[in-house]
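Take a look at these structures.
You will see chain A twice below: alongside chain B first, and alongside chain C after that.
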Partner chain A sequence: MRVLMCNCHNSLKLPKLKLGPDVKVEEFDDLCKTKPEIAPDEKVVIAACSPNLLEGLFPGTNAEFVNILEHVFLIGHRPEKAEQMINAAVAKMEKTRPVKTKFFQISSRKALVIGGGIAGIEVTAQLSKNGIETTLIEKTPFLGGTVAKLDRLYPEGTPYSHTLMPLINTMQSQKNAVSLCNTEITKVSGRVGDYKIELVTRPRGVQECINCGKCIDVCPVEIDDAGKSRKAIYYVPTYPDMYAIDFAACTRCGECVKVCPGRIDLNEQEKVSEIAAGAVIVATGLLWYDVSRVEEYGYGRLDGVMKTLEFERAVAAGTLRPKKVAIIYCAGSRDSKHLPYCSKICCLLGLKEAKLIIDRYPDVQVYVAAMDMRSYGTFEYLYNTLREKGVSFIKGKPSEVFRWNGKLAVRTEDLFTNELMEIEVDNVVLSSGFVPDVETFSKLKINLTVDFPVLYENAGLSNTELPRGIFTAGAATFPGGVAETLIDARKASHSALSLLAQKEIETKINQAVVDEDLCSVCRMCIGTCPYGAISVVEDKIKINEELCMGCGICSVTCPAYASQLEGWNHEGLREQIRELAQQGDIVAILCRWSAYNATERAAQDKLGYPGNVKIIRVPCTGAVDPSHIMLALNNGAKGVLIGGCYPHACHYARGNFRAKAREQILKLNLESLGMAGNQVRLEWIGKDEAHKFVEIVQEMNK
Partner chain B sequence: MIDLKESDPQFKWEIVKKEGGEGLLKCFGCSDCAASCPVRYFNENYNPRKIIRLTLLGLKDRVLTSPFLWFCAHCHACTERCPQGIRVAELINAIKNYAVDQGYCPEGYKMQLDLLLKMGRLYEVEDFDLKKRQRLGLPAIDKTIPDVARILEYTGILKVLQK
Partner chain C sequence: MAKPLVAFYWCASCGGCEESIVDLAEDILKVVDAVEFKLFPVAMDFKYSDVEALPDKALAVSFINGAIRTSEQKHLAELLRRKSQLVVAYGACAHLGGIPGLANVANRREIFETAYKTTPSTANPKGIYPQTVTETEFGKLTLPEIFDTVHTLDQTIEVDYYLPGCAPPPDLVMKAILAILEGKLPAKGSVLTSEKALCETCARNKTKPEKLAIKDIKRISQVIADPEKCFLAEGIICLGPATRGGCGERCINANMPCRGCFGPTREVKDMGARFMSGLASIIDVDDEAEVKKIAESIIDPIGLFYMYTLPSSLINRKQGE
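So, the complex of A and B:
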């Protein structure tokens, strides 16, 4: 083991260390400029300045950082403290397990895109342009997704074909792009760079087609497709350029086979295939919330109550000619019983429908009942335009839609006049929200702990910290307009490109490792992992290296201490505390993301605190074991401070909540042992809250 | 005009502490409760949203002295529909309880309590009623039920109202 010390241009008086024979001590004038070579499997203690700086200078090393500059010299503590800190770090490193470097081979330089809407088409086009063999799969018989069902796009009302057709043509002109319609994923196995995906292709029925349309004339089955009626054999003018049979509705009467000049096979079978891919892009698009569950608005129960998409399609097809229309916003959104979040685009969809009907029939009276109008950004112009076109905006959430004397009516309160209001209309349009595609995500083994993966960023969906090889694009990330979807698709395709451009990925995150001899497979760790990285494989606890972010919460939960964090295992931490904690000390165990930075800030701001405050750096407060605290108190420490991020601001999602629960139990135990519970304090200290840190340690020192 | 100099910033926290008042701070003023309220339908002056709003603003005197506070029929239509999951009827109840604690109780409620204490009933049984029952072949009933007074005493309501 080596100890590298820096005297910061001869400004620090470094202590003379008395260490064992197998520890080599080196002193540098400026460690940051010299940058000595450190072998990847070598253990070192670096005694210099801030670890935040040094981690960047010595990436991927097994180093324990001792901040002698900011924790000793800059605040005027005695140099003996520095010596003690270095000794403690050496003791810790001797017992510490080195961080293993993980390699992920990118063996398949191919990509799979799930979902053939605008996001999926754009991702496929971008990837295949850059030489990646890309397969696009689409569940329905035609590409285009939601956009192909719309009449026009907000805010200007451009027809969808202006956007969709150039995208499809660009994609089709790439020789690396393959698109498979009527296809779904069934099973996914493998890891980043090497996924094996099983696909099932459902029958299309139509095999050779000249687009004559004779089959439509003879087909006896007529069904409603989101507001527009169509036959069981149908065509959407996107891609592929041939008809398809909707086998869910088809009665297999065989009329179409008789008139078809091409070839129709009603007995076509499902085809199962398997493909390999290095990256998977989820672009499954918008999924409407089942608005019939909002019972008071009567969707599915009352005639004339429809969704935005159905209304748009019916008006565009000319089958609907109302005189009065009410558009109800937030139907099931921002509601704890339905969707607790705001889906962002439904306000704009509602405005678009109002504009659509007024543009087509200027005499229509439109009422918009919204508790809040969220026409964010430049979409405010659309809202302004519609007020000028004579739309009545009512502030207030309608309580119910009902039928009275054969007429539909909406009951609401108008918050502007503070009076009750009943509006008689011909049609009620419900602007409802969107839900995440849980089915696809669960097939890809992604547990959505929050509603949409947009908030899931640091849990491994992006390849910033850990490569997962799964990206989301467009509305699968979060509902968005066409422009936002395309921007998101480009971002996802470039992330996938930068992943597939590498031969192998190397990461050196300190992850949890399970000792199989100690583990009794009690499964307590599975529930505590914020990332769902722990699972049982063949009756053994296995930690997924693609998902573990190294918070250390499981290492404290484990009753047998079988799960341990690389670089921060309990034995090492105990040695460090044993060396560091002395009679009358205050041991501060601080989170590396927030409270530890506050101590550095205290030195930079020249805020002094007593020299008996000994600081230990941990990845998360969730990794602090009660035995560490007891050990410090046993050694005669006056108090133990655990400092972490504020609630909900934890870098690892919920480590600080675990710490809070453990602290409360520990306090009760201490009190039952006759000790003062207030010796142990858990405090939320932000990155720059040096004042708070200093106040707390001074208070504890009294 | 609302003069916020009169507002008591602690008022909302005191209501939150009461049983049933927990959801108060979740209110974002969508007015679904006011639009669902059947009492509101007959009396435009009654408005649960307004009561919640005044409570949030801390206008204690205005809320507690308001006669409309006592109009709530506890049909729970608002509780069913509140998008924030506030149990509105119970919240109104919590404010009522707070009002009684502070000594604000409408005379009507006190009169009803007196009747219950005296007779165990809210209406008086007269000889006429008994005769009518006899004619219909129904058994006679007691003019007073003293047990009700004992139950009322046991609930502690007398202590609260005498304060």
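So, the complex of A and C:
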């Protein structure tokens, strides 16, 4: 092991270290400029300035950073403290299990895109243009997704085909792009760069079609397809340019076969195939919430109550001509009984439907009942236009839709006028929210622990090193309009492209590793992972490397220390604390994202605190082990401060709440042993709250 | 060939460990055939002087049960260590401190006050407490000194192996005795049972939901536990995930949650801290006040988390005074 010390342009008087013969000490004048070579498997202690800076200069090294500049010299503490801190860091590194470099071969340069809506089409086009053989699979018989069902796109107001058809054509013109309709994934195995995906292609029932439409004329089955009626054999003018049978509705009467012999096969079998891909892009689009569960609005129970899409299609088809329409916003959204979140685009859909009908029939009276209007960006113009056109906006959440004198009525309050009202209408349109595609994600072994895979996508805000081969694009990430969907699709394409451009990816992100010899599969860790990275596979606990972010919460949860976070394993921290915590000290174990930064701020702002405050940096308060707190106290420390992010601001979602619960139970124990519970304090300290940090340690020091 | 010499001694214990030898049933005959006892206070009449008379290392093995809390126990433990080639800490009290170790929540003064003065059934108006030396007209009477802190056996003498449990189950005892007789012992310092926690073999583990998440903590006395389901999943504290297996799930099979008598797994020093960390982690509440309320609903945390392990834990006794 080496200790690299920096004297910061000869301004720091570095301690003379007395370390064992295996530890080599090197002194630098400016470590940040010299940047000495550190071998990938070498352990080092870097005693210099802020680890936030140095981590960037020495990425992926197995280093313990000792901030002697801000924790000793700038703050005016004695140089002996620097020596102690370095000794403790050396003790930690001696017992630290190094972060293993993980290599993933990109054995397949192909990509699979799931979902043939605009997002999936755009991703396929972008990837295939760049030489990636890309397979696009679509569950239904036609490409186009939700957009193909729409009338017009807003705020621009252009027909859907203006956007969709050029996208489809661009994709189709690429020789590397293959699209398979009626196709779904059944099984996925492998990992980043090397997935094997089993596909099932369900029968289309039609081949060599010339689009004459004779089949439609004879098909006796008529069904409602989201507000528009169609036959069991049907055509959507996107791609492929041929009819398809909706086998869920088809009665197999054979009438179509009679008019089109040889081209229609009612007994076609489904086909199973397997493909390899290095990257998978999930673009499964919008999934509507089942709004019939909002019982008070009567969807499915009361005639005339419709979803936005149904309304749009019926109006566009000319089959619906109401005189009065009420559009109810947040039908099941922002509601603890249904969807607690805001789906973002439903406000715009509601506005769009109002515009759609008013454009066609200016005499229609439209009421929009909304708790809030979230017409972000340029949608505000649309909102203003509709107000000018006489749409009545009611601020309120309707309590009920009911039948009155053969008509529909909406009961609501209006917070603008403070009135209770009952509005009689011909149709009620429910602008409901959207749900994540849990089914596809679970097939891909991605556990969604939040509503949408936003956390999965964005948790790596500061961390792009995850060995990730599954990406999301468009509304599968989060509901969005067409423009946002296309932007998201291009972002996903870029991510997949930069992955597939490599022969092998190498990451040194520290992850939790499970020792199977110690793990009893007690499952306590599973639910504590903010990323759903832990699961039981073949009776063993497995950590999904595509998901683990290295927070260490599971490791501190494990009652057997079977799960350990690389670089922060319990033996290392134990030795560090044993070496560092001395009689009368305050040991401050601080989250690297928040409280730790406050200590550096304290030095920069010249806020002094006593020299007996010993600081240890951890990934998260959720990775602070009660055993280590007890060890510090047992060593004679008079207090232990755990400092982390404020509630709901945790970098790892909920690590700070885990820390809170552990602190509470630990305090009970300490009190039972005659100790003052407040010797241990968990405090929320923001990254700039140097004052708060200093006040707390001073108070603890009294 | 002469039979190996064996001692079986008790320190601060309840006699349950002696009972576990009787529980060997007919296997006990095999043991008696194979070895010669040199000390076994509960069953045979030997004197301490008989042991003192043996040459050093004359005993092949001493099984010592019970925690160490008096000067007599310490003396005997040291004596047996000197006379034995192997010392096995037998049972939870010798291994980890056990139930007598819970005395560490108080100190000697408090314990004397309670035991000899303040309990309702005690009449001691003169406030007489046990003394190590009492002068009487018949001469000097002595009693062993009671220590302020209860210790484990390995805090007192060097221990070669640990047989865990309160009391150790007969199959493990027999296995250990055979291993010693055949010289097929694992690495020194091993605990002679499974390396993994109880959940590994617990039949109820399969009934656990994938994500363990509890919103309140129940005491076993307050509910009728489902005999099939995982206790933790139901909010009843069970130390199974933190406790070494190999016990045969005797408590679980009697529909009682694990209390941890087999002690922690290999990497863990402080079993109570480890378990409370795990338990706190599965409390599925995102509200500070609510977390506090749930934590405070835990009655007797030391008795719960450290029922068998207080003397072996990091903070192993009451602080102050």
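To be clear about the criterion, the second predicted complex is superposed on the first by the 687 of 702 C-alpha atoms of A that agree within 3 Å, B and C clash if a C-alpha of one lies under 4 Å from a C-alpha of the other, contacts with A are read in each partner's own complex, and residues count from 1 in each chain.
Here is the rule we go by: contacts are C-beta pairs under 8 Å (C-beta built on N, C-alpha and C of every residue); 3 or more make two chains touch, one makes a residue touch a chain.
Since this is a predicted model, take the numbers as computed values, not measurements.
Look at A:Ser336: by the touch rule set out above, it reaches chain B but stays clear of chain C. Of the two partner chains, chain C is the only one that A:Arg523 touches; chain B does not reach it. Within the superposed three-chain model, A:Glu296 lies in touch with chain B and out of touch with chain C [touch as defined at top]. By the touch criterion defined above, A:Leu420 lies against chain B but remains apart from chain C after alignment on the C-alpha atoms of chain A. Comparing chain C and chain B on the residues of chain A they touch gives the larger count to C.
In the superposition on chain A, A:Leu670 makes contact with chain C only, not with chain B.
When both complexes are overlaid on chain A, the residue A:Arg658 reaches chain C alone and has no touch with chain B. When both complexes are aligned on chain A by C-alpha atoms, no chain A residue touches chain B in the first and chain C in the second. For chain A in complex with chain C, the touching residues are 517-528, 535-536, 553, 556-562, 570, 625-627, 630-631, 633-634, 647-648, 654, 657-658, 660-662, 664-670, 672-675. Interface of chain A with chain B (complex): residues 296, 330, 334-338, 371, 395-400, 411-413, 415, 418-420.
Taken together, the chain B residues at the contact with chain A in this complex read 28-32, 34-36, 40-41, 44, 47, 49-50, 77, 81, 83-85. Contact residues on chain C toward chain A in their complex (touch as defined above): 105, 195-200, 205, 208, 210-213, 232, 240-242, 245, 264-270, 272-286, 288, 291-292, 294-296, 298, 300-302, 305-306, 313-315, 317-321.
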